[in-house]
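Order as written gives the chain letters A, B, C, D and E; numbering starts at 1 within each chain.
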Amino acid sequence: AADFDFWYAHGGIYAQAIESMCANFNAASLQDHVHCFPQGTYEQTLRKTVAAYRAGRQPALVEIYDIGSADMLLSGAVYPVDTLMQAMGHPIDASDYLKGIRRFYATENGRLLSQPFSASTLVLYANRQKLTAVGVDHLPQTWEAFEAAMEALHAHGKSCPAVSDYTPWKMLEQINAVQGAPIASANNGHEGLQARYEFADGVHRRFMNDVARWYSRGLLVPAIMTRANDQTLAFADGECAMSVDATGAYAIVKKAGLVDAEVGLLPVYAGTKRYGTTIGGSSLWVLKGQSASVYPAVARFLAYLHDPRQQLMFARRTGYLPLTHEAEEILTTAPDAEPDAIREGLASLELPNNDYNAGTRLGFTPLFRLIWQDEVQRALGGKETMDTALEHAQVRGNRLLERFQTTYIDAPRAEDGP
Amino acid sequence: MSAAAIRVQGLSKRFGSRVVMNDLDIDFAAGQFTVVLGPSGCGKSTLLRSIAGLEEADRGTVHIGGADVTRTPPQHRGCAMVFQNYALYPHMSVSDNIGYALKLAGLDRKERERRIGEAAELLGLGALLDRRPAQLSGGQRQRVAIGRAIARRQRVLLFDEPLSNLDAKLRQEMRIELRRLHDEIGATTIFVTHDQTEAMTLADHIVLLNNGLVEQAGTPMALYHQPRTTFVAGFIGTPPMNLLTARHEGHDIVVDGGGCFPAAIKANSSAAVMIGIRPEAIDLDDPRGMAAVVEAAEDLGSHRVIYARIGQQRVLVTYSGTRTYVRGETLRLSFSSQAICCFDAISGERIEPYSTRPASFLAEGCQP
Amino acid sequence: MKSSARFHGHWIPLALGLPQLVLIALFFYWPTLKAFWWSLHLVCPFGNCSTFVGLGNYTRELTDSSFYAALRTTALFAAFGVSLSIAVALFLAAMVELHRRTGGLFRYLLIWPYAVAGSVLGVILKVAASPSIGPLGYLNTLWPGFWQPYLNGTQSMLMVVFAFAWTQIPFNFIVFVAALRAIPAEYLAAAAIDGADPVRRFIDIQLPMLKPQLFFVATINLIESFTNSFAIVDTMTQGGPGRATNILAYKIYTDGFIGLDLSGSSALSMMLMLLVFAACFVQFFVFERRARQEG
Amino acid sequence: MVERHPLLKTTTLILLVVGLVFALGPIYLALCSASVTSRQILVHGLALLPGSHLWENLRIVMRDARIGTMLFNSCVVSLIVVTGKLALASTSAFAVVYFRSRIRHVVFWGTFVTLLLPLEVRIVPTYAVASDLFEPLRRLIAAVTGLHLSVSINLLDSYAGLSLPLMASATGTFLFRQFYLTVPTELSEAARMDGAGPIRFFIDILLPLSKANFAALGTIVFLGTWKDYMWPLVATSRPDMRTISLGIATFLPTETGQPPEWNLVMAAALIALAPPLFVMGLTQRWFVRGVTGIGK
Amino acid sequence: MSAAAIRVQGLSKRFGSRVVMNDLDIDFAAGQFTVVLGPSGCGKSTLLRSIAGLEEADRGTVHIGGADVTRTPPQHRGCAMVFQNYALYPHMSVSDNIGYALKLAGLDRKERERRIGEAAELLGLGALLDRRPAQLSGGQRQRVAIGRAIARRQRVLLFDEPLSNLDAKLRQEMRIELRRLHDEIGATTIFVTHDQTEAMTLADHIVLLNNGLVEQAGTPMALYHQPRTTFVAGFIGTPPMNLLTARHEGHDIVVDGGGCFPAAIKANSSAAVMIGIRPEAIDLDDPRGMAAVVEAAEDLGSHRVIYARIGQQRVLVTYSGTRTYVRGETLRLSFSSQAICCFDAISGERIEPYSTRPASFLAEGCQP
């Protein structure tokens, strides 16, 4: 019987969904009580977790985003979830999880050190009415078609053919995954600390140059230039006709109800092989340093969240993907409307994989994302060419990786135990 | 640099409910050295600043050299001014201070330097031209301030208590120097002060202000010997004139507390009057004089001051003899009736005697 | 102060000063020491390991182009922000001084922005400067694509500079108004008599006499621009776009808290400390000189 | 001064009005936007004229329990800092100014160095210190006695943590020192001749004379604490410990797809700036005096 | 409240490199009114404050009433002090100001009120007891400050230029009042001032300081008539003593610029000397007198001042006749050799004449 803190990193409808799960757990559980605290954005949550851990005030459970995984794994602050669950009598089987999710979170030897919590992937949304109006009857499958569609919309006076917030998750990680192209050596970092970035050539470079062209021609409008000031909303309220967005956006689009939204797979370049996209999202980490009585309660809470009914509730309310085969099964076979985005997303994840679309496992990724954004914004702002921008980003990113390697070169490895 | 007459007409000014100038009419003759004298707060500075254009009067006009300048801003009035605290620009050197006005007037560098040199020579500032005001002594600052005023060669020179920040010795020296300068330059000079010694020694003409009104205007000696009111009598002279309350009875004046003397003045019988007598005009030791008890005596070396009492009234007597008087001693005071001024006790205005019988001395009792 | 006005004894001053000193030791000296220690080590974010690297962190930062970029941004921001704050405040103060009688109301109202927190202003301006819904967005209907503060580095810099100046002006304004007030009216009167019109009086008399206040305000503003601009940048631009507004204080924060690079950000802190220290030193020097001149 | 420059007067008046528009513009915009509906802003852009929904929006925002808590926190923290700083500053400045002992130099320099290095610069380590306040002492004990205690004090997410580091600055001491230096030295001499010791002098003479300075410094510190953003941002992780100046940013959408309700954001902004504006209006005289006191 | 003698021995003090008191030895007799006089910055206040215990001397001792108090803190020295700017506690009422020391001394309320009442009565402060210092005029503040000092009934009363902030009239009144108070209370009083008139009129005994040294100590008249140095001669009197450079030749003294007279002094022949003569001791119109040219004349009503030149040397003459002199006129000055002081031109010290032939007047040429 114990009280413990759970820090999560969401606001809005996501937070509401989490709070209701917490409330339900507390209501259902006689002895345990979880205190759920929002900590702001993913970044803020990670920062506060680090700080709190140093101060010895860490919560028992915390939600950390995907790219924080490498930092968490080496932190020495983590009580691996599989060990915990094993010890507390709620063993989890990594193979319960969907392929894309398992591949992302599992270690080389297949262990799950954290419990996946929220996941989504990238799909293409399109405003069917607007596309039909300009004579585009099929969703673009390729970037070439995507560009043509944007041009058609532009030619018909649509001020916002497509919208994007230019985030690296969408433009770097997912694009390279779907094309099966490497972001970093050593299997995108899964093989160890010696990994270095190598995205500046190849498909990412091609794509970003296209993006720069689309941007300068007013085809791909930055979200901050839209009235809604937000990519998802700009599509949802009909301002923009197309949007490459997370599956999670679907709940918002549906809620807006304005748009006859059509969802399809992320485009690829014509004549290239399509691989599976990777996921984005977060997992739950159990932190060391709690009193022994807390961990059984944490385990019970994790088990509760793992329950397919909770997953489904969460997926339905937020548009996140179900995580386990069991939940997917229920969702896809349920008679009531199965969200298109989730279906397409799941399909996208199930596509064939190679070494490079299991996501990345690189240190200091949060800062790297800022660097990538910096450089791309500079390129879009005409301060440098896209090619040099990407090279700069790669160089600066590699300095981060080097430092990560030196920092952790003799850090204690994750041990099993609280 | 020709002098210009200044005429002030109906000038009035109030600050809030306080009337500082009350319908003043004053003429300042061209080329004259006029001292505006009065106690602190009587409106002297306000008058001077109104003439300079620094203060806007509520009513009335100012004419300089015949032209109405009431609405003219200070920079176009043709006045130069020396301020009480000098108001030297602290960030400029002495020569820049003097030359600033010339620069604004558009004079070229050479002409400016010539004029600065002239003023410096006149005031003995030659060696100081590169210093900052902070590096000067009080007297030197004073001279720079005057230099700044005269270098412009304006028709009118205004001084607002320029000597009050100097120590006694320097003040005495500067007085002589100022007077000499005025005689050389010949501008119309108005000099404001509350120090009657300065006024007495500097002025061709004194305008004595009190509460925003002209109490008396005239030559220094006129003010000293024929004060128009008790205020003037009590303001001028160190120590000032003794004022004793008395009654007019028949042809005599009876001093409260003892003594009387004959004086033919136009006043009702038994009217209350004040008699004024200068401390140096009193004889201490006249057997027929009125009794006065010594309260205190001060020996200043050059002369002595005795604080005595006639009844309840204090009398100061100065004399330069060597005899000493001690507290409690009784004096016998007398004075010539010609040295006496009579004032109406209520209005304080002077009552002219219609006949002065010469050589009539104060006596113990009056025998007509 | 004359030493004769002072009391004897050691224990009382010690007892009086101690609470303050303890607090300062805890929250100033100890953190500063810690930062210095970190800056010489490579420390793990979670605090369970550290490697001594000597000046490695410093050389790392000093060879990183983004450090120089941040330095340049800071310098630009400081230069523009400080000059704008000072110029506008001076201008307003001079005009209020000119309208002494009616200026009271302006003086009262112009101080108000001082009560507005940088973050609140940031939030308000973020909306107000929005290219789609803000008033400036109308410019885009005239010249499409003209106002894009979140894409155009120059414009976003202008925006934060404006916001920074807005928060600083009231303080400067008060200082200037008070200083102008304190200039004896006699100087202006003397200048008027000397033939100077109001504009000349301002340039020749009032401005030179404001020098100490100008120095003081410039130093304060400079330190503020190094440090307190954080709230504005964080709420409005987060250092973007393309690190156009990534001032050093913000970089310290992002490197330390987002990048989990305690060592690097500590090294940056130490270097920023040096900068602030230099600024203060200049101020101190100037004040000392002034004090010596006056005394 | 007889000064007739109608053109100059009008021009400067117009410029002053322009300055006023810029100074109050953001506040006005916030007021306008807070008084319309969210839809209106999305459709017509930011309102330039006040609408009729102000109370409604304010009510909606106030119903959000966060605002109440944050306002309360801001008040508590500001008051703690004001009280603490006034107490510390008045006494330490007294020690600095009124004693001959060399201790005063220690207090002076020990305090004044903090003027040079603001909190923002040492934010990361200060955070670490606040999270483990006992560390220096623990280390000292360990070094001296070899004893390893496990005592620790964590100030994060507490009022003490929010306020104490803000108190550790020299501005207050500086201001009081400036004031004490203007107190005629004869007063302390007269008091000493009258038989008063330092404490009596402080209580009987100096404190009553410092009333205005307490008000001035109090206002400045209050506003400064209220406006502080970085420290609360770092030192709090629990939403119920947030202060309003920090919390205001949480009204901005953080998740993509969270519809921005600018009218509510602006209403919250209005609420956040109302108390300091009120305090400012109330104590403006003191505030001005304080600022110019610093400037001397 | 019995008076106590004060003895200062070997008192020295320097501020940085500036020597402010240089080995001072002074006795202040019990119950006497001693004025410490000297120009600004000469160390008067430092001396007074050393006696009070506010300033710590570098060397030397202070005895009060026979006891060595050099190391005693001010509150235990039995001194009360009136500060130049009064140093009234601005936030306390008049009666609290007066009573504060009594309260600290542990007197009960009744006794305190009695003493405050007494002091108030003595100084005429009865109606002001509830006012704050800010609501008082300068003279009233002055009186409160004195009241605060005397209410404590200390053996020693110290005044640091208490009158210098008052205007001339008030100053004159306060002088009389202070002297009266001293006579009533009988405490040992030390009064610091730079105004020689105050010193002359108030003091039983004057200590004239210059540059941290005692220039001369004695009665006012001793300082006036037998100044020990040219500094004393030039410091005392308004206008001060004229100092003329001269040479000693045989038994004569030859004034530079004209004139000579016989004077038997111990000085080398042809030694440079200075002769000092008071302006009021000069006769203007002696046919055998030395020639002097009038530079300026001031009429003060009660007397006149003439600024004249003997060669290059300025001489001031005061006289109270009615005759006027104009610029450029030539005077014939003479004076009794008894009125003359001779000084060594280099050291400035007085040279005593070893014989004064009476009635020897200054003559155009000396005929021995």
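Simple rule for what comes next: a residue touches a chain if its C-beta (ideal position, glycine included) is under 8 Å from a C-beta of that chain, and two chains touch if they have at least 3 such contacts.
Since we're looking at a predicted model, the values are computed, not measured.
At the far end from subunit B, in terms of centres built from Cα atoms, lies A. A count of C-beta contacts for the chain pairs A-D and C-E puts A-D on top.
With centres taken as mean Cα positions, subunit C sits 57 Å from subunit B. One simple way to say how far apart two chains are is to compare their mean CA positions; for subunit B and subunit E this gives 27 Å. The geometric centre of subunit A is 94 Å away from that of subunit B, both derived from CA atoms.
The residues of subunit C that reach two or more other chains are 4, 8, 130, 132-133, 189, 192, 197, 257, listed in rising order. Across the assembly, subunit A contributes residues 51, 54, 227, 229 that each touch 2 or more other chains. Residues of subunit B in contact with at least two other chains: 53-54, 73-74.
Subunit A makes touch with subunit D in their complex at residues 7, 10-14, 37-41, 48, 51-52, 54-57, 165, 227-233, 236-237, 246, 248-249, 251-252. Every residue of subunit D that touches subunit E in the complex is listed here, in rising order: 184, 186-187, 189-196, 200, 204-205, 208-209. If you check the complex, the residues on subunit E that touch subunit D are 49, 52, 54, 73-75, 79-81, 83-87, 89-91, 100-101, 104-105, 148, 152. Residue ranges of subunit C in contact with subunit E, taken from their complex: 4, 8.
For subunit C in complex with subunit B, the touching residues are 184, 186-187, 189-197, 200, 204-205, 208-209, 211, 293.
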